[in-house]
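I've put the structures underneath this note.
In the two complexes that follow, chain A is the common piece, with chain B as its partner first and chain C second.
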Partner chain A sequence: MVEVKNVSKKYGNKHVVENVSIQIAKGKITSFIGPNGAGKSTLLSMISRLISKDSGQIVIDGHDITQTKSNDLAKKISILKQSNDISVRLTIRELVSFGRFPYSQGRLTKEDWKYVDEAIAYMRLEDIQDKYLDQLSGGQRQRAYIAMVLAQDTEYILLDEPLNNLDMKHSVQIMKVLRKMVDELGKTIIIVIHDINFASCYSDFIVALKDGKVVKEGTIDEIINTPTLQEIYDMEIQVETINQNKICIYFN
Partner chain B sequence: MKIRYLLPALIVLAFASLFIGVKDISPLDLFDLSDDKARVLLISRVPRLISILIAGISMSIIGLIMQQLSRNKFVSPTTAGTMDSARFGVLVSLMVFTNASPLEKMLVAFVFSLLGTLIFMKILDKVKYKDTVFIPLVGLMFGNIVSSITTFFAYKYDLIQNVSSWLHGDFSMIIKGQYELLYISIPLVLIAYLFANKFTIAGMGEEFSVNLGLNYKRIVNLGLIIVALISSVVILTVGTIPFLGLIIPNIVSLYHGDNLKKILPHTALLGAVFVLFCDILGRVIIYPYEISIGLTVGVIGSGIFLYLLLRRKAYGL
Partner chain C sequence: MKAKFTVLIVLAIVLILAFLFVDAGGNWDYIIPRRLKKILAIVLTGGAIAYSTMVFQTITNNRILTPSILGLDSLYMFIQTLVIFFFGSTNLTMANKNINFLISVGLMVVFSAILYKLLFKREGQNIYFLLLIGLIFGTLFQSMSSFMEVLIDPNEFLTIQDRMFASFNNVNSEILLISVIAMLILALYSARFAKYLDVLSLGKDHAVNLGLDYDYVVKRMLVVVAILVSIATALVGPITFLGLLVANVTQQMFKTYSHKVLLSGSILISIVALIGGQLVVERVFTFSTTISVIINFIGGVYFIYLLLKENKSW
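So, the complex of A and B:
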């Protein structure tokens, strides 16, 4: 379980994240939603130790992240940021093999390669595994990064806007894979996501943030309804149930 | 660009290099070596060959490390102020300690080139507009500023001739007793190889490194220390060899990607072959006179560099 206790972060005088306390359940998909500048990405980066927090505590499975070695954390929690625009020319297979770094420090054993192969197979990248990242489409690249995180074999996987710049088909593909990773492999996934319909259709829990504070957290039913969405986004959003999915209509 | 082509090429060129020069020594003489021919070989030809190989290998490798750490294909010791800062360091060592030993000069040059490179990396952090071509331009400007300070003091203290000798790479002055400093590069290159995977991860950015549990700052600093040390050693013994750290890694990267562990041997070999080829060319073109390595590499290198730049446009890289 990830426990966030009274965590705050300030840039200058502005609180980006203010006194946030949440608990994230194991084996579920939790989505962070909210308007731009709500502090979603900052919170995600703090949970994954990419940026430091000003106050509060973050505990992962009983271990305070500031007191845990970075290399040990790398075996427990992984993060993909929205702008993984890597200029280094690597093949998919090479990239995925770097996911084993926390375990092997670069000298991969047979077992490490087994994880690499499995991750590539899981993301269906076998046919293109020797292609360079810069030869891939956006969707393929995103799948390659997720394969790397899979090879990293962490219980917690954090993704910052994984659907950024993806078309509908690839967005659905990624979300389905994430769902599968939770249901089949028992991963715990936390995503920052803008499209509330994807959050509604694929996540178990939603944490809604606004101005650095948690407005509301709960199940889909508790969050995806017109009054709550009004509170989060300051606009009236109609919610319809289509095939048991709650769909938000916010275009007019 | 396969190792199985590069290695024979290197051996053939290396062998040829030993027997090209004003003093006529043929391979057949090896079986019946007269005293003066043996001396020429041991005092001049062999040291020259060794220094060509070490300089070619180490300069290409530090270019590659710099490109990964700065995440820019066009950053190298000559386009990031490293070489200029090292030269400034040598000048300072000459001004302050008039009788500095080569090792002392190297240490001062090292401190300066490390500082210069760190300043460049800091500028890199601050620059918002991270265009691939813009960054090395900033580096070149920075290098020129350092360079002009060097020239100013060099004129003031009558050291301008010394300074211009480091400006221009030249292997013809290499003889036994004057190049041994270069051996310091060998363990550094080995360290680079041992840390290759970590440099590649660092090349994917700080966040990426932290995610994999790598101490990003420590690796970047280690890389910059290797770069600064090798730059100082090479500038003191051979001088500046322009473009080398830029074109060799770029050519290898085109064919084999950027996985450092995989491409380091290629880069090293191609660097050595290229410098050796340019040196031999420089020795035969106006035989019995010589064109310095700085010029031959500069001419051929700038051509290749232009090609790389244009190709980058064509492929939208």
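So, the complex of A and C:
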């Protein structure tokens, strides 16, 4: 379980995240939603130790992240940011093999390669595994990065806007894979997502942030309704139930 | 990959032999030891520059940066000028090259530590900010050096000028021994960092995600870079433009992310380029030019080519 206790972060005088306390359940998909500048990505980066927090505590499975060795954390929790510009030229297979670094320190054993092969197969990248990243489409590249995270074999996987710049088909593909990873492999996934309909259709819990604070957290039913969404986004959003999925209509 | 290494190694050996024995003129006892010293200096400098540039580019995730952008070699010249300005060229610290070398290296390390604190520690560090600060520092050191140079005795100025231009014709041979020792220690020390460098080249976020203690590694690698730049600059003068050339040629040639390959490849290429260049300087131009002129010329042309090529790929 990931426990976030009274965490704050300031940039200059502005509180980006203020006194946030949440608990994230194991084996579920938790989505962070909220308007731009709500502090979703910052919170995600703090949980994954990419940036430091000003105050508060983050505990993963009983271990405070500031007191745990970075390499041990890398076997527990992984993060994928929204922009993944890599300055070196890598093939998919090479990229995915980097996911084994916490275990192998660069010297991959047979077992490590087995994980790499499995991750590539899981993301259906076998045919193109020797292609270079810059030869891929956005969807393929995103799958390659997720394969790397899979090879890292962590219980917790954090994704910062994994659907950024993807078309509908690839977005659905990615979300289905994430759902499968939770249901079949027992992973715990936390995502920052802008499209509330994807959050509504694929996640188990939703945490809504606004101005650095948690406005509301709960199940889909508790969050995806007109009054709550009004509170989060300051606009009236109609909610319809289609095939048991709650769909928000916010285009007009 | 293996074939490329073999070619480079053979080429390096052939060039070294050519350098040693061509035009020796029978005066073997005199010529050979002198040339050996020169070769040693070239190998050390080449290795130091290739290694430091490669590592620096990996840390900054940028393929057109060299340590000289951060003003590291201007700082070295500044320290030299400072010592001469206050103590004169006959002073012990200036006269004893080894002490001078150790003091300079110490100050360079302190400077890079400060730079690290200033630039790498802040979150959301911006590469352009880093470049800008580095350029300002470099210019500051240069201006302060030339200010002091104007004030001092012209004879003292000659001592400084002697060191300002990279040249293998007057290698600072007194510090050869200490350089060799320093390089060996550094090589042993940084060997265990090679695997971290691979991960570092993915960028800070990926490196942290994969469990790298980013601050720990980058800090140590920057100190290594500072010492290597000091060694190269102390031996022959500012020549880090070579690093840009070598690092990019290595990238083109080996097309891999593995720093084991890249580092050893770049060291070989650097040695080949330097010895080849020095051969041309000595045998073709008969000392009418220095190697830094040739390197800056070829480096400049290559740099423009790089810019044009990168531009096209957009």
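Note that the second predicted complex is superposed on the first by the 252 of 252 C-alpha atoms of A that agree within 3 Å, B and C clash if a C-alpha of one lies under 4 Å from a C-alpha of the other, contacts with A are read in each partner's own complex, and residues count from 1 in each chain.
One rule holds in what follows: contacts are C-beta pairs under 8 Å (C-beta built on N, C-alpha and C of every residue); 3 or more make two chains touch, one makes a residue touch a chain.
Note that the structure is predicted; figures quoted are calculated from it, not measured.
On the superposed chain A, the positions of chain B and chain C overlap enough to count as a clash.
In the superposition on chain A, contact is made by A:52 with chain C only, not with chain B. In the superposition on chain A, A:164 makes contact with neither chain B nor chain C.
Of the two partner chains, chain B and chain C are each touched by A:88.
In the overlay built on the shared chain, the residue A:68 is in contact with neither chain B nor chain C. Once the two complexes are overlaid on chain A, the chain A residues touched by chain B in the first and by chain C in the second are 48-50, 69-75, 78-81, 84, 86-90, 94, 98-99, 101-102, 105-106, 152. For chain A in complex with chain B, the touching residues are 48-50, 69-75, 78-81, 84, 86-91, 94, 98-99, 101-102, 105-106, 132, 134, 152.
Of all residues in chain C, those touching chain A in their complex are 61-63, 123, 195, 198-199, 201-206, 208-213, 255, 257. On the side of chain B, the complex with chain A involves touching residues 68, 71-73, 196-198, 200-201, 203-205, 207-208, 210-215, 253, 257-259, 261-262, 317. Remark: chain A residues 48-52, 69-75, 78-81, 84-90, 94, 98-99, 101-102, 105-107, 152 touch chain C in the complex.
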